[in-house]
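Letters A, B, C and D name the chains as they come in the text, with residue numbers starting at 1 for each one.
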Amino acid sequence: MKKIINQPAEFVPELLEALFKAHPDQLSYQDDVHSVVRTDSPIKGKVGLATGGGSGHLPVFLGYVGTGMLDGCAVGDVFQSPSAEQILSITKRIDSGKGVLYIYGNYGGDVMNFDMSAEMAEMDDIQVRTVLVKDDVASAPPEEAARRRGVAGMVFAFKIAGAKADQGASLDEVAAATEKALANIRTMGVALSSCTVPVVGKPTFSIGDKEMEIGMGIHGERGMKREKLQTADEITERMTDAILADLQPGAGDRLAVMINGLGATPLEELYVMYGKVHEILAEKGIIVYRPYIGEFATSMEMAGASFTFFKLDDELIELLDAPAHTPFFTQL
Amino acid sequence: MDNSIIFKGADVAAALIRVGDALISQREHLTDLDQAMGDGDLGITTSKTGEALKAYASDTLSGDDLGKYLSAAGMKVNSAAPSTMGTLLATALMRAGKEVKGRSELDGPALATMLQAAYQGMMERGKAKLGDKTILDALGPAAVAFNNALDEGDDLPTAGDKMIFAAEEGLAAVTPLRSQIGRASWVGERTEGLVDPGCAALVIILQAIVNG
Amino acid sequence: MKKIINQPAEFVPELLEALFKAHPDQLSYQDDVHSVVRTDSPIKGKVGLATGGGSGHLPVFLGYVGTGMLDGCAVGDVFQSPSAEQILSITKRIDSGKGVLYIYGNYGGDVMNFDMSAEMAEMDDIQVRTVLVKDDVASAPPEEAARRRGVAGMVFAFKIAGAKADQGASLDEVAAATEKALANIRTMGVALSSCTVPVVGKPTFSIGDKEMEIGMGIHGERGMKREKLQTADEITERMTDAILADLQPGAGDRLAVMINGLGATPLEELYVMYGKVHEILAEKGIIVYRPYIGEFATSMEMAGASFTFFKLDDELIELLDAPAHTPFFTQL
Amino acid sequence: MDNSIIFKGADVAAALIRVGDALISQREHLTDLDQAMGDGDLGITTSKTGEALKAYASDTLSGDDLGKYLSAAGMKVNSAAPSTMGTLLATALMRAGKEVKGRSELDGPALATMLQAAYQGMMERGKAKLGDKTILDALGPAAVAFNNALDEGDDLPTAGDKMIFAAEEGLAAVTPLRSQIGRASWVGERTEGLVDPGCAALVIILQAIVNG
């Protein structure tokens, strides 16, 4: 896949510098361009919310820093964890005294660096709690759900945490709401083509012209199965069934449904899949409370999509419905 | 070299540079291994680690305290390459350094302690256990073999060779297994029969340390 | 390029049916799923605003139907004009008595069908005016600007027209504001890969692994030149210079700048380009009043980008700043 | 067939079906021509047009008024294939129909008038002029040649052949030129030497009408 880039090694710093030029009212950095924070942080009386992870997934991660969502994000190189130091510097900046919640995907490098940062933050008397996102049903069976990786479902976690924190809730309360949300969030993805990490310069995996990889991760992690490319309806049924089997919603349940493009798949195709999801859910008496159709968590130029289902109750609906505004995501 | 050999700051710096060079030169190989069962970034991580080690060892005087010197090297590695392997290697350096805080010279037993501490540190940081098919499965046996060899009176070169041999044996022992932790664990049974990239990196590092 | 679709011929009706399932509060149709209107149309006292064109460009065209923007959109098959009948049916639905303004891209098929619809609407005593979008500087030299095709710049035209119509302006006033906006809007694009029309099943054009097409149109129309792929900075300079030469803004002028992804190009790369645009403009003393970075007008899975510059004055700024909310575009 | 031949509803319906078949069978060829200088959709447009004509001619009784019959065919074509070429063909049908409103039979002179009206209608709808390298450059000379042949007393088959020949000549005459209007005009000098896809489609249509 061809890229519009300069020096591969400068890719992330260049995009971050452009980000601060584009959105100076909303975003600035602390110590290092990789440590992105809300310009108005710390927000008095509010728990600080931080995330982080590798680049290459925009709008994830930094795209959710803004009103009603996150306060800071530590940005790693493409598909690489940020360093403990970078995480620590946003932690210090966004703490208003009410503590900081880390919400990020369950990846080894990220876990270790966030943990190191948390240890250092505690030495500075900043209270830190961590909620890991592990929503990808394709990455481990239910009995090993703790091993699952975190993918697009984190966007809903950010949304819920942000709304809860905005209500003035305590660190423990925000963590509890976020954990409750994540217990009701499941994702699964399919990839049709690979992405290419700029400094590597070759596709992460190769895939035939008529093949697809069901259960693909967002860094090119292999999925459950390499198969013949199927129709939109067949793919949609497969993924919907797998998520429903895991999440087990019942008739009358309300779901937020995210149909997320991984990068190269047109919005038109996402809508075609949504149509089928809607139909399958309707047949089971399950209600789509709110659809989110677009690119929310990408793998650069990967073709493919992920579905995230989020089972809601009244409390979660109130939090999901709260307005949010970041340079990449606006909800009225 | 025999058992009474003593390493000073310059020796340690030279070892860091050798490790750096080896990690850089094996970039493609490690990338290929990690593409087969992970995300294909290990070569990038190790070459960034290598560059950071070389820059550090060239720019920083080792001074009187080799413990501090190694811990600071660990911090540099974490900043330069904060992915799983980079962070584990950073942790190893920091924990090994902690063991020899205040010392300006290192002997065989010190090295054995450092190796054991590195292993312990990685285990605590990464929360993996032996048999999960990670770098620990090469480092654990290597640390034990090195310590045993010294206990049994082997000279340092012999102990070093035994250490490398144990690491290679550890790598081979877990190759048939399925990865149980980290990114490779999501690949499931498809990892059976594939070499763990972290084990391969560890063997490269130990070879570079020994073959000075 | 692989697609997630069912029967190619059903692609557009399927996506439209999904659209109405996803956004029933905001969008509905008149007579035929291809005739998309605001659910609350006609809006009393407001000029009706309609657009239309082929599918495959989401969010263009139908994505801009909503509050503060358009009232209706006639949707053609992929890259095909809608029919006169489909246009006529939205025209009748959205007219509140103040007349209807057609705003769409300068493509032969669209022009003929909108003209036919306008002739029929007049027989029903609906006043219709037309403003054609011709913003692509690569499609003809300045002295033949009337021949130029309409691309991403139409989004700004929709925005200005929508805000003006919301002020209660007359049909002529809305048309005049839209024309004024378009006189200050210029676009240019670059493609790195082709798109594939589903029913055709093969890429519209072939392009080498190290080539790019400068000045590409959004249906795969050939550009000005096939060249060796350049760096992000070089591409950005080329496109920026070409637009500036045509638009001729001066020091102190304020621009809205759109960096638009054509489909497969990651947001990260769009930001890298924005960074360079910002730098070039700053050197000339030109101010970026508002950046728009993302996918606003696509060519399905084409890799590439377009830049649109929109020279603003106080009146245009007021209209650009007005809030808007559609299922695909929200501005506070 | 000679000059006194009269066409009734069934003949017109058969001609629509022949045109439909020809447009469908030439789909790939027209797509290739349009990919070279346009957007590659002409084959889709003409085959949709062809399907619509065939469905219409099979499902609809021509009745007493061939003018109405042809105009309604034009409406169908516009709904089925509303792109440039589809809309122009729809316009041609509607305008040709208008000329013979109320008639249940068509003779040579009627056909000549219809052809001229189709040409006029396309010109008004598309606002192109002769020499812009469009379908007009094949249709204009064809309409003139057909009319002249009848005036000169040729029989219908001969006039038909002359019409096709003129269309082909028109196509050839503009091939070296640069497209001046529509999508192809954006391709600029790269269109020089390429066959205009609309001209090619027109030749196919005329051949299908004549070779019944």
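The criterion applied here is as follows: contacts are C-beta pairs under 8 Å (C-beta built on N, C-alpha and C of every residue); 3 or more make two chains touch, one makes a residue touch a chain.
Everything quoted here is computed from the prediction, not taken from an experiment.
Touch-path distance (fewest steps) from chain B to chain C is 2. Taking chain C out of the picture, touching joins the other chains into A, B | D.
Ranking all chains by how far their C-alpha centres lie from the centre of chain D, first place goes to B. Computed from the mean C-alpha positions, the centre of chain A lies at a distance of 29 Å from the centre of chain C.
Here the spacing of chain C and chain D, counted between their Cα centres, is 32 Å.
In whole angstrom, the spacing between the mean C-alpha positions of chain A and chain D is 55. Multi-chain contact residues of chain D (touching two or more other chains): none found.
Multi-chain contact residues, meaning those touching two or more other chains, do not occur anywhere in chain C.
Contacts between chains trace an open chain of neighbours here, each touching only the next in line. The set of touching chain pairs reads A-B, A-C, C-D, using the touch definition from the header. On the side of chain A, the complex with chain B involves touching residues 76-77, 79-86, 107-109, 112-113, 115-116, 138-140, 147, 149, 197, 199-200, 204-205, 217, 219-222, 224. In the complex of the two chains, the chain C residues touching chain A come out as 1-6, 11-12, 14-15, 17-19, 21-23, 55-56, 58-59, 190, 192-193, 209-210, 212, 229, 231-233, 235, 263-269, 271-276, 278, 288, 291, 293-295, 298, 300-301, 303-305, 325, 328, 330-332. Touching chain A in their complex are the following residues of chain B: 31, 35, 37-41, 43-45, 75, 78-79, 81-88, 91, 125-126, 181-183, 185-188, 190.
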